[in-house]
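Multiple structures are listed underneath, in structure tokens.
Each of the next two complexes has chain A plus one other chain: chain B in the first, chain C in the second.
For the complex of A and B:
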């Protein structure tokens, strides 16, 4: 008979959370420990909800989709960036330390404003399709067909959920606040592939051809190793670097 | 459209990598020539004479070695100036980086930091070595080099140089590949793991080769200490050989 394996002895987890409310002048950053019994197939999303429901309703953290699609639940899990909803507690030791993603404005506890950072990056790198006479386009007409292979390649890069893990994992981004990071460079590659975008490599060079762009990347590869969507970031950045050198130098 | 950026960033990035690659190729070739001492004094003597142009001009010109030393020094200077751009530039940046390294414990970030530290050490070790090469090019030979290593206590500089330069070079080559031609596709992870394994193998090989030749120079220098200053003279060589 087929049986679903069940963990017999359940562990008692100690979850230490870095607590701080920057909007409260009296708040000082401190680690608070919560103890709870591990459940079968428990994710950090489930654990944190249990803590908020049964122990401390003031705990702040972000979730939307619970499926690794929205990118809201990025946090530092035992020192490494990752998505709470895709992290099973059984893959972690009994003592788990959680902290907010560095490099982003702290809202409170584990909640950070990645949206503000991503919007700033998006506006700076103009991550949208640039087309002449776009405002006069007839939206009732079918778009021009795209080769499935090209659509796949664009989709591969479009899978980025802007969770901020690559920024938190990047030593360069930690040191230099103006660095656009792998998320920004990946966006440039995505629009560079898109045939609807009429920008040339010279236009892209003007956006990322300096130390805050592709030439600021020191190939530390934290982005590649901690991307929860396994995007080929190192290869994309290497390709962009070659193209930008060919354009600029 | 956004502002126009200068071509300088692209050129500097490319030049940093190219100068680093040339220096790595040079140091690896240097190791093979230097370790000719493992084949005996005559082999090392022949190599040193070859670099002084004897096979080409009929007699040795040590100035050629000085010229090569100056060229290498200039290449090191260009590489160092370009690499300095990437060093943390303030106490706050060092603080942020150290905290990041301590928490994330990420191998490739640590490898880069090792390059920063070894690169800093090389600022001092390389000039110490090149100064003797440039100013005393005639003092390169089985006995002359061994005397410098042992009697003039240069083995300390060379031991430190051996370790730092090869750690810096091996990591540098791996990072160079990842920087310009990072593997892609389903085998990307495996290819990267192989590259890293290759990096450790190359490092181990050159450290072993360099240690073996340094120990040999030390042994010859120790045995020759009472006659330090005397030059090597192979049976087939004319008077004045070293």
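For the complex of A and C:
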């Protein structure tokens, strides 16, 4: 009888959370353990809300869509970056350790300021379609045509939700605060692919042709391993690096 | 108190807010956007299946135009919509989508040649023309005469929001993230900005603005089972209500989406059914054709949700661990289609249900999804009662959805409203009315009031828990103000909500942590949400008819004679426990499309005497034009609307085959 028995007894989960409130001068970072009974189909979204509602109302964390699409709830789950909202507790051991994503300013407990970081990245890499007279585009006439396959390839890269998991999983980002990370390099690839963006490779080189950009990557592949959207980040970075070497030479 | 001065303050960083901000900024007005969360995490990102715009490019869309989109939307609304505004909307939607196409949204495109599609459970082969190749394609959605939902796989809202946010960044528009507006500053007739709480530090500050625009989305979280993001607590609508001056329209008009997964309540797109997916019961029987022979799975959402609940009540639901549900079957669409066009659905099924929709059935049941009601505005987005206050998107009621919104019309509305209202804000700022005289004493008075409210919550010793009361409110709304409503249950809900409002005054906080203090946030939002919940429940109790998503089991017929009226709710005094309701009649004699049968759902309704008169009037107006008059001339003869649009949005939309 090599069958796994049906789990009938509900597990008691020990959830250890790295706590710290930078707005409280008395607060010192520490791990705090909460015990709660596991429920059917419980996600970390459900578990953390239960802890806040019944045990510690001061616990800080971020959820918005709770459906794995908005990228708010990236955190370190048993040592690995991931989206908490779509992580089922049944796929984790009884002891679950949660910590805020490293690489971002801490707001409190599990809440970090990915928004500020991502806005800075967008401003620096100018992650928008650059086209002269865009504000005078003729919107009454038929739209410009695009090959269906190209539109799908752009969307493939556009699926990034800026959750920050790739930054938390990145060796270079640990060492270089100014590293744009896989999220930034992927954006460059997305706009480079887009015929509506008039920038040339030389323009992109000026943005990412150094160690804070594409040449900072050490190919550790943590970004791709932990990307919740399974974006082909390593291939994008490798391709971009070849293009930038050719452009810079 | 710190005061920040700006020309335009936009509260809400989703599609509507950011598009309005871009519009105002382009016209030279300094604009700041406030957002509860980083703007790209707004709930707009959750729109999956598509945006309606009558481009008419692909085969299933051929022949589509503004007229058909208009008629679909009005029928969808069960004649609750403002038809002038619907005309403005359907005319501007193709422009909105083309603007987004130019800005970078990777809309799916028409591929020439043969394709296999799934219609009515059968495979069919169609061929797209060479002429349409590379133009924006579209898919079928409920309640529409054509394939009109333009899409980016099933991440449409995400792609739109990222493009919009990036354009706002390019325009240099600051987004003050993690900021929550607690109150509108006003002098009784003119809105002058807002008192705002920093959700990181807990500090209060004031934004003084010549024009203030609320674009904070819906209030779905007053319900326990909702597809909405956790931030959709309606705080924008609530602070407008708390002025005691601005009114909220049709708050009882709440949409329930047919396909939320069980138990998480997460949405799977209407595109599943649009692309050919079916609804099955416990016996594996496809039941929708039994109820709705015309539109089947693709009747409007209110009708499909009601039929599903009816079918469950008749004993055909699947008994699951989390109660009863039905099945959504998209297996017949095939692996390739699902992995290309329904990839978010596949991901959601994988992570939350542990199933693969290529092989498995998806457990679904209707859940709260959309708020048709919101801040009442005129056709240019301004509050008729409070000058300088604007609203756009789901938080507004200007009112294109009436009592039921069509799928794909929400993201379309956000961008169209942003375009029109952004311009209208700029016009306002450019006019003498846009000048603002405000004393710092007034600002300080509002700041002081909010400071005292927050302190009052903190010092209470009544022992009530904000989290517990929130749960009770949500249970009441889901239990008593849901898909099937009844006078007795609604009265019970109104009583319970009044009681909860009293109890909410006795909340005790267990935490006094400096900074954001999530418990305090829950407490002050609850007090405001209870008012929205009460507007919804009380409005539903008073409306003794069934219209669109508002279905009264004790008044099952639509009653145009008495209820072709929009509910307007105001909050008379801070300590009041019920809203004041007023009604605004919809004038059939100005309608382009007089009330009738929607083409799905119940045929039986009580007609208004004006309906026949208007029909005769329309025939008389069209007769002299003869059969040769084009559709623009005929439309113009019935209900002119172009003059209501900003001049640069008035031109006709070119389509495939039109002379350019």
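Quick notes on this one:
As a convention for this text, the second predicted complex is superposed on the first by the 238 of 249 C-alpha atoms of A that agree within 3 Å, B and C clash if a C-alpha of one lies under 4 Å from a C-alpha of the other, contacts with A are read in each partner's own complex, and residues count from 1 in each chain.
The rule we apply is simple: a residue touches a chain if its C-beta (ideal position, glycine included) is under 8 Å from a C-beta of that chain, and two chains touch if they have at least 3 such contacts.
In this text the structure is predicted, and so the values were computed from the model without any measurement.
Contacts of A:126 after superposition: both chain B and chain C are touched.
Once the two complexes are laid over each other on the shared chain, residue contacts for A:108 go to chain C alone; chain B is not touched.
Which of chain B and chain C touches more residues of chain A: that partner is C. Judged by the touch definition given at the top, the superposed model places A:221 against chain B, while chain C stays out of reach. Residue contacts after overlaying the shared chain place A:242 against chain B, while chain C stays out of touching range. When the two complexes are overlaid on their common chain A, residue A:71 makes contact with chain C while staying clear of chain B.
Residues 126 of chain A touch chain B in one complex and chain C in the other.
Against chain A, in their complex, chain B makes its touches with residues 1-7, 9-14, 85-86, 88, 93, 96-97, 100-101, 103-106, 108-109, 112, 175, 178-184, 188. Residues 76, 79-81, 102, 126, 169, 171, 174-176, 203, 205-207, 209-211, 215, 218-222, 224-226, 232, 234-235, 237-238, 241-242, 244-245, 247-249 of chain A are the ones touching chain B in the complex.
Interface residues of chain C, counted against chain A in their complex, comprise 26, 37-43, 45-46, 55, 95-99, 101-104, 106-111, 133-137, 152-153, 155, 158-159, 162-163, 165-167, 169-170, 175, 177-178, 200-202, 229-231, 263-264, 266-267, 321-322, 340, 344, 347-348, 351-352, 354, 465, 467-468, 509-511, 513-519, 522, 651-656, 660.
Per the touch definition, chain A reaches chain C in the complex via residues 21-24, 40-41, 43, 52-54, 56-60, 62-72, 86, 88, 107-108, 113-116, 118-119, 122-123, 126-129, 131, 134-135, 137, 139-148, 151-152, 154-155, 158-159, 161-162, 191, 194, 196-197.
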